[in-house]
Structures are given as structure tokens and as C-alpha cells.
Amino acid sequence: MTSLSSSLLLPIIVFLPLIAALVGFMSSRNTFQGQLNIGFAFVQFLIVVLMAILFLDEQSYQSAVYQIGTWGAPLGIDLVVDGFSILMIGLTGVLTLILTIYGAAYYADDPKSLRFWPLWWLLIAGLNALFVSGDAFNIYVCLEIIGLSAAALVALQSTRTSLEAALRYLLVGLLGSLFYLMAIAILYRSHGTLDLAQIAASSGNGLPDQVAMILITIGLLLKIALFPLHFWLPQAHANAPTPVSAILSALVVKASLYVLIKFWFEVLSGSTTFGASQVLGVLGGIAIVYGSWKAFRAKQLKVLIAYSTVAQLGYIFLLFPLSEHAANTSSFSGSASQAAIYFIVAHACAKAAMFLSAGNLILSQGSGDIAQLKGIATREPVNVLIFTIAGVSLIGLPPSAGFIAKWLLLTTSIESGQWWWVLVVLSGGLLAAMYLFKILSLAFDNTLDDGAVQIQPKALSSKVLTSSALVLALITLALGFNAEFILNISHPPVGVSGI
Amino acid sequence: MNLQIAFDVMLMLNCLILAWMSIFSTSLFRCIVLFVCLGLLVTIAWGQMGAFDVAIAEAAIGAGITGALLLAAWNRIKPENEDAQPAQPASEVNNRGAR
Amino acid sequence: MFNQIDLEYNGPVNDPKASWLITVCSVLGFLIVLTLVLLNYDAHNAGLRPYVEGSLSSSGVTNPVTAVLLNFRAYDTLLEIAVLLIVVIAVLPLRNAKTSLVRCIEVTNHDLVLTSLQRWLAPAVLMFAGYLLWAGATQPGGAFQAGALLAGACVLMFQTGVYRVNYTSIMARSLMTCGLAMFIAVGLALIWFEGSLLKYPQDYAGVLILLIESGATLSIAICLASLYSSLIDIPGKGHAATSESGS
Amino acid sequence: MSSALLYSITGLGLFAIGLLGIVLAGHVMRKILALNIMGIGIFMLLIAIAKQDGSFVDPVPHAMVLTGIVIAAAGTALALNLMVRLHRMSDPKQRKPK
């Protein structure tokens, strides 16, 4: 056997979840179901860690390529990893492990687990396949896997609202993919290849590429739910089962974002313009304010968190104007991209932790209404603590991952001379503080309710559910102290400014 | 050659008209039937373009299976008193999926 | 656009909230730009055709589309079968493990047309599906077309007549997964033997492709048929029927 | 005007009609049909791209269309399933034991 390199592991991380899905589909309900799936998640985690170590060890920071069937780029499909995709795969591996443990407890004795596990693993297979894909059409297939399995997972509850949310989510996802496919057709017409690296090499012949870029951007913005196209997200994320909500907010929207960043900065970087990036930035800014406001007005805990996702996604879109200005040519290597990458990681961990703790609170309280959370801190101190830690990260207070992410954004916008983004970031933080303190002040309010009937508390949420959420919260905190680590994975060490 | 072009133009015009009608017809049933017709028309067009594999697949999956699924779904959502449409004999509507 | 999920059967054809003027104008503008792109910019001269022709002889089949689908870009096809599986998992009723594949149900009203259709057409469709699968190596045809035809035959056989497939039985589930499972197994085995994922050895390429295609055909057929049947009986109702095992 | 160009433009037209349908049509089933028509438009464009020169045919877009057709059918099936389930849930008069 030739010496082990990170590229050799690429097919494995796609096929392992697929095998797990097949096993989950074939097996009937038994007591080992949870352990089996945790086992799969753990193996995947180990492979991902091994892959990251090997990738960092190779140290060239060149992308590693795996040619399927040894056909090579234009004819066959190449799997490619670079720093950014290693980071996303690593994030997927870690979150999958924790969320699978959570899901095993959540679905311990629920007949729906028969449908949950295969769909869950297919979703993860789609995510992994997307992050390693180096082929434009292959990315389309991966997007469809993710979109369909995510919609099916949202529909798992089979309540009226969740079915409605799932149907809307599915239609939006299909529409977004069709836009993407149209762009691929145009790209294939003018470049004669589907390989991303080859399209990038022959890029820059004007109008066709720009039209393709517009189509890709519209399609993926639909899937990412940037401000005017966000209408489907709150219902879909709020009505899904808790582990699904967590993965939707933490990874699924980020997957489309990953594709958009890849096309915007690598594949079709020649066709992007300053004006277009400003538009994306402005939409992001509106999303921050609007999402925070809607979160503040929300009546349901999960809807609040979902609107907070809309707002937080807005921050990541500040990447586009900021990096455009940084070096006159848009490239995904400046400090703006570091800020965005850090924001993706920080938001994924914090939002997953928040959804899990909110799910625990709802399980324990028996209701998702915010008004019912009054005084819950005395009964569920740990979960409220987790919620607080995640909230601190979302607001961007030290010491947390969110603080570093916002700090990077602020310094970048000052460096690039676009000071107006500073105002947006700061006001977004204030608004986030408003809606989160609203929850916390209710949770710590121990005064007796005057009129409303006190709900009889249900069973305290189980230890597994709480501890897996706690682990995520601790990761969020730990990321606040180890910023260099994340930044070094995604980029060659260049010295992080301001830390 | 001119005949060929004329045929193509007719085919394409028909496709566009059918596409419009299969979304904006008043009756949902008619929409579905027209969609299946569009699928078959497109099959001919793709045969013209030398894409025989795709034409067979479109006829079998795009028009056939999708059409069957659409009709089955239509059968489930139509109101109870909604009797057979003009295009369909009354005896076939028995909640078992129209063929 | 999707804010309201409209399910009113006799509702208006148009979404009352959508603005016709804005939509038509923007879509027309879009159309014009795209048409300009097509008219003014030439296509890449040959696409990937030279590459496919160059490698066709070592692909194991002579139909170039089959070669692309199951050899050069087999990874896409593998993921595509997974897409089909997602939908099947999502729509299958939560299952009752102890049931056999095919059940016999009592038919109250024999429909002469359907019965004879079933008796005469189904075997013919079956034969033709087999032919399409076999011919896929050299001529137009292949796993997807054959699978769809087979699904049509399944629907004809089982939805209307005496027999009924229990799509949640272990046998049906094995048939649904066998395509993907075989694909994955072959792909991973080839890593071991040939050193790369889905790299068929040249001598066995044709056989392996036919093997994968047969599995995929069966899976696609039963998956599509189950999609149809799950749409027909959505509130899973039990059949007071005598069970009969075997396929 | 070559026939490939004619087919390409028709493909764009189908895409645009589908897009109009998505935004303007009322019933969910119309939207599902509109999505399918958008898909057909893209497939037609791809098939026209495969035959740019008139004499020979590029098989790769054909394979893409085949994959796309199966994915579109799968998406349609899931959407229809959700639609019917939602329909039976939202209208109690419809929910009768068969």
C-alpha cells in the first residue's frame, strides 16, 4: 500500500454514512440501534480527525485530489479537499458525533427512529460529499441529496405545521437547485467541462460567466435564506425535531454557503463585481437587523432561535463586500475570509448548542411558548446555562467563539475602510442581546405568576440530552481561546491580526 | 431541410403552448394530462436531437411514472363530489388511482 | 411565492398575492439576457466528446451514455440512487416487521380490462425491461429506463389485481437497497483490488457494469412502484387479507 | 438558425414559463408542475448543447439529463406525498376511512 495521505480517505467519509444509512434502513427497531449509530458517528469522527491530521501534516496547503476511477478531471469526477473543506468536514464530523448521541437519546423509544436514522445518515453523506466534491454537476446531486433529506427530516413530526414547513422547504430547495443546474448548463456550454478547477482556469469570458454567476447566486441565496428569500427558514427550522433543527442551522445552510463561497471566490472569481458584492453586503446587513427584530418579537422559543439564524447568516454575507475591497481582486484568503470562516464555525457550534438546550427546555416544560419559560432556571439550571453560553457567543461577548468572530469582522471592516459595516455589526450585537436577555430574564424570574396557570413540569430532561448540549457549549467557549487553531486549518499561518 | 426546420418550429411552439397550459389551465386534471402530453412531445423532440437514451427515460420516468404519481395525487386531493372530468369515464374514478 | 401553501382545489388559478407585472417583466428580462448569451457567445467546440471517445474502448461498454453513467461518472449515478432511496424512506409507512413480500387480497369486482391487461401486458413489459437492460451496453437503454418500465409493470400487476406488495417487508427493503449496496460494495472492493474507487479492471468492466445495472434496475423499479403505492394509500390502512409468502 | 439553437431557446422559454408558474400559480400542484417544466427546459438546453455541431453528439450532457430526470421524479414524488398528507390533515371532511 502506498503511503497514507488525506486524499485516500475522501471516498471513505462519503461511503461510511451511506453504509450507515443502508444499515439503518434494513434493520428493524432494536435496543442496539442507538449504540450502533453512535458507533458509526464515532468511526466517522476518527476518520475525520485522521484526515485533518494527515492534511495538516502534508503542510503544503495545496488541495489534495482523489480521482475516482483514475479517469482524471474532465472525464471523471475528482474529489478535492482544501483548507476550507477540511474545516467544514471537521465541523461536520464533530457535530455529527454530538448530535448523533443526542439523537440516540431523543429517539430512544420512538417508532419514528426507523425513518430518522437512514435519513439522518443520508443527509450527512450528502454534506460530506458536497464538501469534498470538485465537480460542478456532482455538487448539484449533493445539493439535491441534502435538500430532499432535510425536507424529509423536517416532515418527520407529521404535524400540520411541520408538513407545511417541509413542503415549502422542499419546493424552495428544488427551485434553488434548478437555478444552479441552469448555471451549470451555461458553464458547460462555454467551458466544455464540469471540473471546478478547469472552469476556474478557463474562466473570464464575459457575459456567459456572469449570467451563470447570477443564476448560482440566486439559487443558493434561496437555499441559504438571505434576507428577502428567508421566508421559509423560520418555520422549517422551528418545526423540525430538535437534532434536525440543530443540524439544519449549523450545517445545512452552511453547505449552500460553502458552494456559493467556492464559486464566488475560486471558480468564477473573474465575473464578480464590486457592486454585486455590496448588494450582498447590504442584504446581509438588512438580514441582521430584520432577523434580530423578528426574533425579538417571536412567541415561540424555537422560532426565536430560527430567526436568530437568519440574522447570524447576515454577518457571514459581510464577507463579500469586505474581501472585495481588501485586495482589489476578490480572493478567499484575506482577513475577511478568516472572519467568515471563524463565524461559520462559531455560529455552527453556538446555534447547535442553543437548539439542543432549547429542545431540552421544551421537553421539560412541555411547551414551546416563550411565556411558559418563566422561572425555568431553577428547575433546569444546566440547560439555561448552556443557553446562556450559546447566547453569549451569538451576541459576541468575550470569552466565546462569537467574540473572536465579531472581532475579526470589525477589524477587517476598519482595515478596509468600510466603517459602515462596523455600525451594522455592533447594532446586530445589541439586538441579539435584546432578544436573548428577554429569554434569560424570564427564565430567572422566580416571582409567582399572577394570572396564568402554572404548567405542571414534566420529567427533567435526561442526562444524555443535557450533557451533549453541554459539550457543544463548552466547545463554543473553548473555540474562544483557540482561535489560531481554526484559522490555521483553513489557511496557511499568516499571523492573525488583532488577536 | 426546410421541412425539417418547419417541423422543429412546430414542435417547439407546441411545447411552449403545452407548458403554459399545463400550469395555467383552469382544471387541475387538465393540467396533469397536458403535462404528460408535454412529456411525450419532448420525447419526440429529444429523439430528433439524437438523444435516444434520454428520450426513452423521459417517456418512462418523466411522462410515465411522474404522470402516474400526479394522477394518483390528484385522485387523493380532488373533492368527493368532483365527478369525472370530460376526459375520463366515470367508472374509472374509484380512489384506486386513474391510469 | 411559497408563503401560502394553497391547497384549495377549486381555488383561483393564480396566486392572488403575486404581482403579474413585476414577475413577467423580470422573467422576460432574464429570458432576453439568456437568449443574448446563446446567440452571441459560441459554445465550446466539442465538450467532453473527444475524451469519452478516447476512453470508450476501455470502459467495457460501447454505448457512450452508459459508459458515462456507469463508468466515467458512476459516482454521480451512485449518489442519484441514494436520492431515490431518500424519497422512499421518507414516504414508506413506519413499518410492521412481520409481513411477507406479496399478499393476496380478495378482489370483489373483477375488472375484465385490467385483468387481461395484467395477464398479457405485464409479462411483455417485463421482457422488454430485461431487453432494455441488456441492450444498454451497446444501444440506447439501460438501468433507469428498464427500472421505470419494470415499475410500471409492478404497478399494473400489484395495484390493480389480486396481489399486493408489502413494501415495508424485509424482502422489499432488500430489493430497494440492493442497487445502492451493490454499487457501494463493488466500489469499495475495487479500492482494495485496483487501488481506486470504482476503477473497473478492463477485462471485467462489462460484467461489473451489467451486475451493478441489474441491481440498480431492481431497486429503481421497486422504489418507483413503492412511491406510487404510498401515494395511493397514505393513511396506512390494514388489509384484512390472507398472507402468502414468496415473491 | 440551426435546430440546436432553436431547441436551446425553447429550453430557455420552458424555464421562463416554469419560473412564471412558480411565482404566479396558485395551487401547490401547479407549482410542482411548474418546477417540472423548469427542469424540462434545462434538460432541453443541455440536449441542445450536446448537439452543437450537428453531426456528433456529446454523451456527457445526456448522462446529466438522465440523472436529472430521475432526481426530478424523486423530488416530485416527495412533494406530492407531502402535499397529499397535508391536504388530508388540513381538511377534516376529506379525512375519511376508505
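Per-chain residue numbering starts at 1, and chain names A, B, C and D are given in the order in which the chains are listed.
As a convention for this text, a residue touches a chain if its C-beta (ideal position, glycine included) is under 8 Å from a C-beta of that chain, and two chains touch if they have at least 3 such contacts.
Computed from a predicted structure; not experimentally measured.
S.K.: Using the stated contact rule, I'd like to know whether A-C or B-C comes out ahead in C-beta pair count.
M.R.: Most C-beta pairs in contact, of the two: A-C.
S.K.: Just how far, in Å, is the C-alpha centre of subunit C from the one of subunit A?
M.R.: Here the centre of subunit C sits 30 Å away from the centre of subunit A.
S.K.: Centroid from C-alpha atoms only, then distance subunit B to subunit C, rounded to Å. What do you get?
M.R.: Computed value for the inter-centroid distance: 19 Å.
S.K.: Can you check how far apart subunit A and subunit D are, centre to centre, with Cα atoms defining each centre and the answer in Å?
M.R.: Their C-alpha centroids are separated by 29 Å.
S.K.: Round to the nearest whole Å and give the separation of the Cα centres of subunit C and subunit D.
M.R.: Their C-alpha centroids are separated by 16 Å.
S.K.: Which residues of subunit C are in contact with two or more other chains?
M.R.: Within subunit C, residues 1-2, 5, 7, 9, 13-14, 34, 43, 45-48, 52, 65, 73, 76, 80, 83, 86-87, 90, 144, 224, 227, 231, 234 contact more than one other chain.
S.K.: If I count partner chains per residue in subunit B, which residues reach a count of at least 2?
M.R.: 24, 28, 53-54, 57, 61, 65, 69, 72-73, 76-77
S.K.: For subunit A, which residues are shared contacts with two or more other chains?
M.R.: 137, 141, 144, 148, 151-152, 155, 164, 167, 171, 188-189, 194
S.K.: Name the touching chain pairs, please: which are they?
M.R.: A-C, A-D, B-C, B-D, C-D
S.K.: Over in the complex, which subunit D residues touch subunit A? Could you list them?
M.R.: Interface residues on subunit D, with respect to subunit A: 15, 22, 28, 31-32, 35, 38-39, 42, 45-46, 49, 60-61, 64, 67-68, 71, 74-75, 78-79, 82-83, 85-86, 89-90.
S.K.: In the complex, go through subunit C and note every residue touching subunit D.
M.R.: 1-2, 5-9, 11-16, 18, 20, 23-24, 27-28, 30-31, 34-35, 38-39, 43, 45-49, 52, 64-65, 67-69, 73, 76-77, 80, 83-84, 86-87, 90-91, 144, 220, 224, 227, 230-231, 233-235, 237
S.K.: Any idea which subunit A residues touch subunit D in the complex?
M.R.: Checking each residue of subunit A against subunit D gives 137, 141, 144, 148, 151-152, 155, 158, 160, 163-164, 166-167, 170-171, 174-175, 178, 181-182, 184-185, 188-189, 194.
S.K.: Which residues of subunit B touch subunit D once you look at their complex with the stated criterion?
M.R.: By the definition above, subunit B touches subunit D via 4-5, 8-9, 12, 15-16, 19-20, 22-24, 28, 31-32, 35, 38-39, 42, 45-46, 48-51, 53-54, 57-58, 61-62, 65-66, 69-70, 72-74, 76-77, 80, 95.
S.K.: Quick one: which bits of subunit B touch subunit C in the complex? Just the residue numbers, please.
M.R.: Contacts found on subunit B: 24-26, 28, 52-57, 60-61, 64-65, 68-69, 72-73, 75-79, 82, 96-97.
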